[in-house]
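What follows is a set of structures to go through.
The following pair of complexes shares a single chain, chain A, combined with chain B in the former and chain C in the latter.
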Partner chain A sequence: MDAIADRVFADTPGGPTNRIADETPSLLTVILDVNPLEWKKLEDAGTINLKKLLSSLLIMLNSHLALNSSNQVALYTANSFSGGAKLIYPKIEDDSDTATAKKQSNLMMSSGMYRQFRIIDGSILDDLNSLLRSIPDKLRNLLNDGQGTHIKGTLSGALSMALSYINKSQKSIDPQQLGLKSRILIISISDDNTLPYISIMNTIFAAQKMKISVDVCKLGNNSTFLQQASDATNGVYIYIKQPEGLIQYLTTALFIDPTLRPIIVLPTNTSIDFRASCFITNKVIDIGYVCSVCLCILSVIPQDEKCPTCHSKFDHNLITRLKRKPKVLPLVKKKRKLEGTNGAEVDSEVGSNMGTPVPN
Partner chain B sequence: MATVQGTAIYKKKAGTLSILEEEQPPKLQWKCIDSEVASPIVEIELDKIVNLKATTATSERMMLVIGYSMASSNDTAAATATATATPNGDVVTTGKLTFSFNNRITMDNTKSVLQQVIARKRSGISNGSSDPGQSLKSTTPDQPQSNENVENDEFLASLLNSNKLLKNLSLQQRLLRDNPALMKTFTDAVIRSGLEPEEFWSTRVHLLRSYAIQNNQKRGPYNVLSTIKPVASSENQVNVSVTREKIHEIFQQYPIVRKAYDDNVPKINEGEFWSRFFSSKLFRKLRGEKVNLYDRGDITLDKYLYYDPDYDGEEDDEEIDKLLDEKKLATDKPSKKGNTPDITMKVDQNPDLVNVMRTMNRLSHRMMSNIKDSNADKDNLDREFEEELDIKDLETKDVVEYNELKYTQRSNISSNILPSELLSKITSQSSLNPTSNEYDDYMVNFKTQLDEKSPLQLNSCYVDSKKSIYETYKEISNIVKKNAKQSSQSWNSKNIDTSLEKQDAETLNVQLDSLRLTHSTSIEFLRHFWLHFNSISTSSISTNVNFKSELIQLRKLYFSITKCLERVKASLESLNENDKTVGTVLMGPLVESLTCALKNYEASIIESK
Partner chain C sequence: MEDQSSELFKSTINEYLDNLPETVHTQLYKSPETCLAIFRLLPSLAKFYIMLLLFQETSIPYSDLNRWIKNPNMHHVNPNKIYQNESIKRLKSLNLLKDIRKRVVHPQTGQKTEIPFVQLNPIFRTSFRNALTGNSGKLSNLFDDESDRITIEFLDNYCLNKWENILHFMVGSEIKQLPSIGVLTLLRYSGLMELPSDHYTPDGSKSLSIDTLSKLLITQNGFQFLLQDINSQIWTLLLQYLKMSEKLMMNPVDVLNFIFMLGSLELGQGYPITMLSNTQIIMLEDLVDYGLIYDPGEIEGNSNRNFYPTRLSTTLTSESCNFKTASTVIDQEISNANSEETKNSSNQGSIIIETNFKIYCYTSSPLQIAVLNLFIHMKARFSNMVTGSLTRESVRRALMNGITADQIINYLESHAHPGMIKMADEKLSKQLEYEQSIGNLNAVNELKLEILPPTVIDQVKLWQLELDRIQTFKGYLYKDFTNDYEFEKLLNYGDEIGVITWKDRLRRKFFVTLEGSSQLIDYANRILRKGGNSGGRSMTPSTQTPQPQPQPQPTTN
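On to the complex of A and B.
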């Protein structure tokens, strides 16, 4: 029966090529942002909580797996506070299947689920649960955690990990994984200030070079850098206006297979903010200074007159000129001119004001 | 030697009619063939011929009637002449000679030569009277040539000088005339809104410069003669129009013509010289056309055909080797004629063709030598040759040096992702002060939300949210529709804000023009405002001579921008309700930037004491 069907399909023109396109397996890598402070904001606003998002996400992963038996998924978390970027699924195999199967049944309601989905979903939930539990209760503890006084922005870390995971699997000996088409989906809730500009840009360029699309599902505030990421990699950036319908976003707009990208009109938000962020203040800026050596972007002139990134010394005279603020004539000067009827006097006064060096 | 000669019957006597053009003055002569008959020689100067009548080509009789008029009383041929005294006393003799031919070809030849003579005379008169400057110019044709290149360089340098460009009013006017869009902005900003013209141009110096260069480009050498095309006019006249520049070029490219001009022009007049030249064989030869032996040319100028074609207006200083190279001569056996010694190096080449080729070669050669930096080529060639001789493997390799930069990525250390008030709360926290903050409160819930007691239900995400799922579906398909529309259009198509629907834009079209005008004017003012504002901030009274005037200028611009803002508001007011919302969307960014400029100015006003 199969043999007959095969021949029939092979004989139709275009049949084989269609089949190749259809049957190319792909890898879906998801990066989930679990920044507790941002989640608090979202929950306070009553839009969505992590649990709801997770159920939508699991459905998405399941449907991706259901499309093709060789399809694969991977899940990373990014937490700006503790733990940083972590690989959640696939696990590095040391537990046996049965062990995970035992554990996961508790977290999932539907036990009558397709077993393969259940194993994966359960494993994801278990790991997430243990990860969440490992976050310190108190922010103070976190700050004094011995990790230093600062907190890392880790979405870019997760992105680079995902890219290297894809790279590794694409180059593996396993024929199933060799040249696997891949895409990355970022579910982001944090603001741009948690994103280190340079690292994000570097990952964008890496993804661009590897021809991997970066899709962005954005909750919370719009993100300039992630817009740029999806724009540069032919991905979809979509701002979630209705978190209630998240499942619809995930399974349509953000569900476009890499092989379809060249053909399909992407449902992406087209107005992109191309601004960059200041290297010192981390704020997105309209107009700023650029270091002529390393192209570092500055919104303020550094006190030590050195580039904060490459330590090149700036010309002192130039800096003082830049620092000088313009001084202009007051608007009511006209009146005085009429009173004095002496233009020269006015001019000289202006001159004396201007002559003194302006303290910054 | 006569140009045309043939038998003709005059007063029933056979004789020879000849036109002697090379004689001074050129004349037409008839001699009786029978020398015994004492019939007088009929002679008439060609200059005196005023009209010509001939029987038609179809008629059997072949007669040519030549009408003449001469101011002299000396009348050798005036058989039927009638003398009339003009009021001023000169005796003007008019008359006609009638010749009959027995050969149509002879008659036609005579006729056409005489026609040419008459036409030349007429055009010569009109030429001389209408363009007296031409002869003036042409007598000193090669004077400006020598320093042309120098002048050109200086001229270009002056073009690049912005100050001169800003002062060149006629250039600005011409540019405005050529560029309607710019004209519109100019009228709006300068004429109506009182922006200083100099201000206006100062931001557009590049336009002026490119326009000036575009209009003053030096024309390279080209084959002038090929551009001259004789045009036949209605009166059986051949008209050739030559400008002074062309004459100049001709002299430069064809020294032989200059020589001919120098030799002849005092004798014959300027206009005549050129009309003779354009009908001569010389002209045809120089143009590279094939010259037929039987073509009629011009007797005075065609003798230059046989001049040394390489004559270039200067005496040859070339050194000729006084020794003969025996070896070379041994291979040169002209008697054998293996390869005809011409440039084609082919046997049995058509000599006419070779001649044309030679002429062309000479011409290109001369043109090339007129181009200024022919030396540079030579240098290049030398260098190329030298490089070829280098042995590259043996040379020491250049070591690429890098400048080490110490790079610290400070933005990764982003402690500022924590709001400052939260941070202060945390730092005040201690075991004695257990006030919890938002984070701590939330974490208790956050950590345990994946609880075994309330397991995750996958259907929860769609069971009760049918409506929002549908809304989402609509939203996504709208985005796709919009993107599809955009991708089908070109990239640079207008990307009006999504809130602006297409129909709105159409109804707005009429008013759009007025908005557009306001917009472009405002942008013009804004541009100048920022230019001055920034210039003031980076210069001071000591570094900038125009500092004071710039300050005053800036204040003027401030007021102009306030007016711009008013204008924008007024034009928005004039729209009706529906359009107003759309117009506000369109003008929003402009209003923003106008107010931004005003704010910046106000912020930096000097506090008066």
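On to the complex of A and C.
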């Protein structure tokens, strides 16, 4: 009996699972960093501008839609000037009047395009256009106020919005979205010190729990946090120094569908900088203090001797002991004898004494 | 017969495309819409490879394709590799990938070696790039912004009426109007339906009058056809149409381009007929019959006629279309009319099946009930629901009609109520979490989404196995005994040495295994000579007309 049963019930290896993989719809959520100051820097460096990036990005979105007709895209912008993170596509009120959307898009796009692409691309370009038009005024106001020098990016806000959007789509009972696989692509240009560490880490953990990979396309300077983000979520981190061939990156290395991930070797770097950043100065540090209550990381001891995150009061005695200048051992005599090697030794000892808390 | 029926449904559009000659492929790839449609039909990995090559101006080494593939276990056969080979084979059979051998000088040793390179079909590359970037100006002349657009609801109703009418005709329920002669001819040609006389003269190409064709009866293939989802039903018919059109000397490039173009048209938008070639205008009339296109006909005072693609055609190139069966949309219409609340819950599967084989289906469509009735023992019908159960008899009836267990399971799976899918999903993720927590990675790979209760699936498969219990033996059939004495004597001896596999005392026949036959002949010669009656006739296989043919031994219970 078993012999007969085996013949029928045994599945051909690889067959059924791959068939499912071919049909699962997937959602691509793109988070685009539109910080105007950073874009200005990039453009001045002569590497890439927003317009070039957008044309590549739109082709990528089109390609994603071309993969499967039930595939979806969503686009968020992370921006500090115009209300922070913003949903660009899909528009919430868009469902009812696709006709008007199409008419607008006809102005922007060449009409010889596949219908779905035309509607989406047109709507994205319209929205970004209106967003960018409003930026100069706001920027001027901010600069006049005298606080335009350092503005925190709203990447974490956009990330959490994207995660909630994915969650909503995955929970939906629409049979078309059943088994919807999702991933997030961050196109980031800002430096690490503009990223709020805690909220970014929290969103990463959320993505990890939801099994959503976060791919990162980094322009400008290399980022340690985003490396950690993609590593923790089994995503791809790519730092692009020469963005001329951006479309090739976007359509290959950053184009691996979640259903293909078990099969394909991810083109990401394996040596990741796992250093954390100081909660006060936002700088990446090697050695620092850790609050024993909330594990918040500090590079300097705050003036009020309170943890900036959980506000627990640190022990004053301990703090004074920590702050005490390390006693330099009288090594003068030795130093004379063995000058070359000992000099280095003293330096290293001083350095480590500064950083390490003295055990109680 | 069995081979034929399975072939009918396996011969998907993919196989048809694969077998086209290269010149036809080249012609096809000139149209961006066709490229997009063909791209969607490829396996995921093949799509990835195309994206990899799409924006490369030059060819890349073949080994670059291999480098993307993971090899999870070094010593075993790599399933990923099999998948990769399949994908590349598909790409090559579609003439999308081309092998080039290039002479390359090794950078260190300076040796000249030949390395295989791959290149994307240049025509496909140009067209597909145009499709993605919107560079092609081809569709631009299609739009005429007429204000009297036909509403989408009208088109939905129109196409579903047409399509359901065809299906109703197939299941033999009462219909007001017969499908057109073109549809009936195609149904007969495709072997989904047949005339009683077709058993004797199976010639599907001969044209017959509508009166004769209205007497068509459903075949085994037809039963299987009914269990497909609407998209594959349409594709099945379209493929048959393609095959038929080849016989009618229509240009396959024109026909395919038209079908793929339909997939990229916009629902509710009119398109002028003047853009079509002559072949396509002939096709248009046939497609109107299937409900793929609405043609309002010649409008007075308006020389350029428009045609309207329906939802059936705009979802042709999508895998999961907007409605699984025509009946669900009818349900939607009814529920919309009744109340707005139910609007959200429409447009989805409706079958709940329990571990005790009871089935509940939320439907009021006579068609879906008729389809369910093919393999379910119906118990009761309510205003919006039918109940029934899968029984051995009902499933056997379906199996006898040529429906396979897999088809029943697939139908139930694809029409499962979202609640069932949700439950299965939750169960799967719980199991996954558990297996991962104990580190049982082999089990993780084997876990699958079980929408239907496994007991039901196994039982349906077992019921099919019951019918497949044919065992064959090679041996000899002994018959034409002159008297009872000879027969009984040989039969008893055969029984004693255990070589008889089958016997019929009434007709004096029995069947002996291959090995036992010589023993029995020796015995027969011995006793017949010893008895000496009827002049010592010797028993040899030739005189006893043994038939060395496998004798089917059906086991019934």
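Operating definition for what follows: the second predicted complex is superposed on the first by the 279 of 360 C-alpha atoms of A that agree within 3 Å, B and C clash if a C-alpha of one lies under 4 Å from a C-alpha of the other, contacts with A are read in each partner's own complex, and residues count from 1 in each chain.
Note that in this section a contact is a pair of C-beta atoms (placed from the backbone, for glycine too) under 8 Å apart; a residue touches a chain by one contact, two chains touch by 3 or more.
Nothing here was measured: the structure is a model prediction, and the numbers come from that model.
J.: Just to be sure I read the superposition right, which of the two partners does A:S70 touch: chain B = first, chain C = second, or both, or neither?
T.: Touch partner of A:S70: chain C, not chain B.
J.: Have a look at where A:R321 lands relative to chain B and chain C in the superposition and call it first, second, both or neither.
T.: Once the two structures are laid over each other on A, A:R321 reaches chain B alone.
J.: So, A:I263: does it touch chain B (first), chain C (second), both, or neither?
T.: second
J.: On the A-aligned overlay, A:F255 touches which partner chain: chain B = first, chain C = second, or both, or neither?
T.: Only chain C; A:F255 stays clear of chain B.
J.: Go through the superposed model and pick first if A:I59 touches only chain B, second if only chain C, both, or neither.
T.: In the superposition, A:I59 touches chain B and chain C alike.
J.: With the two structures laid over each other on chain A, which partner does A:P25 touch: chain B (first), chain C (second), both, or neither?
T.: After superposition on chain A, A:P25 lies in contact with chain C alone.
J.: Please work out whether A:L139 is in contact with chain B alone, chain C alone, both, or neither, and reply first, second, both or neither.
T.: A:L139: touches chain B, not chain C.
J.: Who does A:R118 touch here: chain B (first), chain C (second), both, or neither?
T.: It touches chain C, and chain B stays clear.
J.: Per the overlay, which chain contacts more chain A residues, chain B or chain C?
T.: The partner that reaches more residues of chain A in the superposed model: B.
J.: Does chain B (first) or chain C (second) touch A:K241, or do both, or does neither?
T.: Only chain B; A:K241 stays clear of chain C.
J.: Share the list of chain A residues that count as touching for chain B in one structure and for chain C in the other.
T.: Residues 59, 109-110, 121, 247-248, 252, 265, which sit in both footprints.
J.: Which stretch or stretches of chain B touch chain A in the complex?
T.: Of all residues in chain B, those touching chain A are 405-418, 422, 426, 429, 436-440, 442-444, 446-450, 452, 455-462, 465, 468-473, 475-477, 479-480, 482-484, 486-487, 495, 498, 533-534, 536-538, 540-542, 547-548, 551-552, 554-555, 558, 601-602, 604-606, 608.
J.: Within their complex, state which residues of chain A touch chain B.
T.: Answer in residue numbers: 36-37, 39-40, 43, 49-52, 54-56, 58-59, 80, 106-110, 121, 125, 128-129, 132-133, 135-140, 143, 149-153, 190-191, 193-194, 196-199, 238, 241-242, 244-249, 252-253, 265-271, 277, 279-282, 293-294, 308-312, 321-322, 324-333, 347, 350-351, 353-355.
J.: So in the complex, which bits of chain A are touching chain C?
T.: 4-5, 8-9, 13-14, 16-18, 21-23, 25, 59, 62-63, 66-70, 109-115, 117-118, 121, 173-176, 178-179, 247-248, 251-252, 255-257, 259-260, 262-265
J.: Help me check something: in the complex, which residues belonging to chain C touch chain A?
T.: 32-33, 36, 39-40, 43-45, 47-48, 51-52, 54-56, 67-70, 77, 79-80, 82-84, 86, 131-140, 143, 264-266, 315, 317-320, 322, 324, 344-345, 347-349, 418, 421-422, 425, 448-449, 458, 461-462, 464-465
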